[in-house]
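You will see chain A twice below: alongside chain B first, and alongside chain C after that.
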Partner chain A sequence: MYHFITGPLLWVSFAIFFIGTLTHVVLYVKNLDWELDRVSYGAHTLWGIRGALRSICLWMTPYGTRSWRIKPLYTFMFYLFHVGGVLVPLFLSAHGVILKSRWGISLPTLPGFVADLLTVGVMIAVVGLSIRRCIRPEVRALTSGREIGTLIIAVAPFFTGFMAYHQIGGGNFWTLAHILSGEMLLVAVPFTKLSHMVLFFCSRAQIGMDFGIKRGGMKSVGMPC
Partner chain B sequence: MPEGIFCNKQPVETKERLHEVLGDKGGAKYYKEMESLEVDVPALKALLKTSCKSRLKTWLNGCMRCGLCADSCFLYIANDKDYRQVPSYKIQTTLGELVAKNGEVDTKFMIHCMDVAWSQCTCCNRCAIYCPMGIDVGVMFSYLRGILFSQGFIPWEMKIGSGMHRVYRAQMDVTSEEWVDTCEWMAEETEEEWPGLTIPVDKKNADIIYTVNAREPKHYPEDLAHAAILFHLAGENWTVPSEGWEETSLAMFAGDWKAAKMQVESVYAAIDRLKPKRMVVTECGHAYRATVTEGPYWAGIKDGKPPVESLHYVEWVAEALRTGKLKIDPAKKIKEPVTYQDSCNYIRNAGLADDVRYIMSQIAEDFREMIPNREYNYCCGGGGGLNGIGRYRKERNVGLTVKRDQILATEAKLVITPCHNCWDAIRDLEEVYHIGIRWSFLKPLLVDMVLVPEHLKHLEA
Partner chain C sequence: MRKRVELTLASILILLCIGLRLAHTDNIRRQDRAAHLIALDGLASMGELERPVVQFPHGMHAVGDDDASCRTCHDVAPDGEGLLFVFKAQEGLSREEIKALYHDQCIGCHADRESANKPTGPQMCSGCHEKEPLKSVKPMHPVDFNTPLHTLHTEKAALACQTCHDLPDSSAPFDQDRSHDLCLGCHLTGQSNDSASAPLDCGGCHTSKSPLLVLDGDASQGGQVAFDHELHEMADVSCEVCHHKEPETACRECHTDGKTDTDVKISIQAAMHTKKSERSCVGCHEEMGIGDVDDCTSCHQPFGEDAS
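Presenting the complex of A and B:
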């Protein structure tokens, strides 16, 4: 069982994740249409790159945009979720050991307590974001099973990883659950809203180019944030 | 009844049809017929297949439903934060459903889409700058309007508006002869006071070609006279075209992309014919959006730029003040508190906020900014065609309360509105809510406060 889920199943999961996300990016770019979108992507390349980078960087900066600043609590939960969500899987020392032993890839690793704190942060953020979805009418109206499902799939590897790391209950059970939920996350990315992992960059780059090239970017700083 | 006499899938293309549709006052029969207008599902599917590509699909599917767009929408605020006014909700329950069902929808659904597309979104694009995913619901509603137009589900006034452009190449029934007559009339009227002033028609190789909103020759010809006086005082070498003089595009509001293309190409043809160095657009936001920002794409110009450098009127004024072509008499600056309505179309969507601030610093002693302002300003409440649609007057008036409260907070009694839509909305706002304000374009204010160069001093009576 362990060998299967850490062997073929892991390979399949990674393959689906990488091929799926790459397909998303390729199709997104390929299907951009300057006439339908009414953005001359190819004619003002430098203005477009400037707009795209500005848009991506400002929105990745905590409180870097007006939208983030006017919702400080939401923004805090958002970054708590995303910073931990990205850093922990990539730089957890246990993951680093596997990467090194299997593929010889050596990545810097987070100290255990930092990874632990970030993991707890992810779980708290998910609880906070879920409560917000329930109590804010404007978000509740937008929420369907897809949003709840996405949150559960996203947080499952963190919860199970936390339980396994701290040997709470059956350590072996939580380790298996952690690997399986991690694989579920990888497989889910291309097929669910988790595809925003790559489409966020595509979409932000596009709107940044739109404002940068066409909607004022050449006459002012471009898209306001 | 698959197609009505008034309400059908055919655009209005002749004067006779225009008069017939106009004859149905308020669109009473038109909307009655719409209830029986059948959806052409195969055509709808085909349109979705060719036009709903990666950007739109990603916007629809990639919306994380976080709700950050809610507070960005003035209609959500004006309607007591009703969740049905959240931009994401509005687009997902209309275009989102239409795409999810691949066009398998019925008449009732299409009428619902029409009501949402024209009464619950003014395409102000404010939500786009609040969305972490960069989703522009205004652009999506504009796309939806195009789909609805192709199926005949558009408000009566929009059908007429697009028909006007198809028949007259203007949003109103103003012919080229009437336009040129108005220019001659205004030149004669104005020349009495300003010797040497002319309104040159079809002058080749001028520095500036000036293009207008058809409402000006139709209803406010003095606006043209004011423009002429200011160009005269600034010493500009300018002209107006006898054809291709209309900048606006109700076709854009209607989603009639074919008519939008015809309209803008008439302006570009005038540019090709007269070879001016630059174009100046009158004080109209959507006219600038249609002819300078979107128009090149409708006309198939690959670099997305109009044939010559094109300026909104505020850009020309700012330039004339900066270069000293126009000088303001310090004694005649506006003394009272005054505020400015940042138009969505040339501020948020074209980046001209700084030019406006420069103008205000030159002409006003007590300029009060609305909050929020510049690119973050709220729509006037009547943009995107909403001002002109009788069916949605109540919804429009509710939406105006946000602008009303913004203006009241400035304590200014004068609102400068260099945009026809904003001007109308704020006029109507005063008529509905009686808050004791005045509103004005820039031109009449400038005419009264610019210094007249010695060699142009008009004859004393």
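Presenting the complex of A and C:
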């Protein structure tokens, strides 16, 4: 049975994840319209790429933009969630063992206690972000069951992984639950707001291009203010 | 409509989880059914361990019920004599390489066996790296290498003294590795001849009590007999041959020393030694052509020696 969920079910999940996210990116680019968006995609491309990369990099840097700096607590929780959320699945030692034995891919691995701390950080951050969603009116208005459900899907692999790692109440059960919740996350990405996994880069690139060219980015080369 | 689809998908997922949980135990041999466990903690000397030590159930792997042989896990020793009694050849490997070796070989074999629908072991981390101390972990019993066992080696197996006892100039300590090399190496080559008395499983040697049943008759009549009950069970002798009254009745319950007046007129000495009956030791050995029945010491310990 372990064969099934780490075999066919895993491949189906990967297929849905990759095809779904790729479709998102293709549709995003396909639907760009310089007239409607009022973004200069075709002209001053180098300035555009520079602005896009700048926007992506600064928004990925903790406290790198003004919006991150004016909400320091939220920013902290956000990064606690996302740093662990990205590093742990990719560089966990146990995942490395599977990657190596299955596909011969050898990745650097995190020490166990670091991965453990990051996982706990992810779970604490989810609690914090959920509380924020409930008490801040500007985000409460945007929150429905679907958002909460997405958050649960996102944190489930970390919670089940933590339980499996510490073997709290049946390590094998939690490992199976961990694999299944991870697959559920992969499947959910294209169909929920988790698609920001790729769309973040698309929209930041688009806005970055806009600001890099038109909205002040090219001031230095004689553009009118 | 969308909500209904989501609800249906969620229900299917929950059912799938429950179904998988129930089905998971199929074909998996649990470690806690194993009596003899070896702690695979070799990496501990190379730094702190990341996961709980694997308590390896050797007995469950060395059952010989299919194509898995000793060579599946043990490589031939570099000198070509016998096998290495560690898992594969680990000499010169780094910590990460040894870790990868165990993971590749153990999980790979377990996965292959699951594919082949054979009894198999865990493939998930916690299946082997169990955190909770196993209930079945027993401290390894020292080998009770007593006189009868010694006699088995010198007489039955006809081993020369130097096979086990080093020459005086040898200073190598007789530690666990060396005794495993020596004993198991010899048993391994002797297996094809006599599997019953050359054990390869842990419990065959590491047993808390002597496998031999001491038949201690009247000391003035002769030394004790270290009777290997198991050996007789394995031989082509049915229980009724010796226990001819009832299976649970021991010889001495009816056959006394001949001085006590009982209904049974055959003394214990006669019951053991008469050549007229196949039920007696001597009669049966003569019938089956086993040993020299006229040599008392082939069964009896010399006077004054204790077989227990």
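Definition applied: the second predicted complex is superposed on the first by the 219 of 225 C-alpha atoms of A that agree within 3 Å, B and C clash if a C-alpha of one lies under 4 Å from a C-alpha of the other, contacts with A are read in each partner's own complex, and residues count from 1 in each chain.
By our rule, a contact is a pair of C-beta atoms (placed from the backbone, for glycine too) under 8 Å apart; a residue touches a chain by one contact, two chains touch by 3 or more.
Predicted model, so just to flag it, every value in this text is computed and none were measured.
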Fit or clash between chain C and chain B when superposed on chain A
fit
Identify the partner contact of A:Gly112: answer first if only chain B is touched, second if only chain C is, both if each is, neither if none is.
second
Where does A:Gln167 make contact in the superposed view: on chain B (first), on chain C (second), on both, or on neither?
second
One more residue to check, A:Leu176. First (chain B), second (chain C), both or neither?
second
The chain contacting more residues of chain A, comparing chain B with chain C, is B
Quick one: is A:Glu138 in contact with chain B, with chain C, with both, or with neither? Answer first, second, both or neither.
first
Using the superposition on chain A described above, determine whether A:Ser93 touches chain B (first), chain C (second), both, or neither.
second
Angle at chain A between chain B and chain C, C-alpha centres, nearest 10 degrees
180
Between chain B and chain C, what minimal C-alpha to C-alpha distance in angstrom results from the superposition?
13
Could you pull out which residues of chain A sit against chain B in one structure and against chain C in the other?
none
Could you pull out which chain C residues touch chain A in their complex?
13, 16-17, 20-21, 23-24, 26, 50-52, 99-100, 103-104, 107-108, 111, 114-115, 122-127, 130-132
With touch defined as at the start, can you tell me which chain B residues reach chain A in the complex?
51, 53-55, 58-59, 61-68, 70-72, 76, 81, 83-84, 86, 88-89, 92, 128-136, 293-294, 297-298, 300, 302-305, 348-354, 374-376
Write out the stretch or stretches of chain A touching chain B in their complex.
27-40, 42-44, 55, 59, 66-67, 70-71, 74, 78, 136-144, 147, 193, 195-196, 199-200, 202-204, 206-208, 210, 213-225
Residue numbers on chain A that touch chain C, as the complex places them:
1-3, 5, 93-94, 97, 100-101, 111-112, 164-167, 171-177, 180, 184
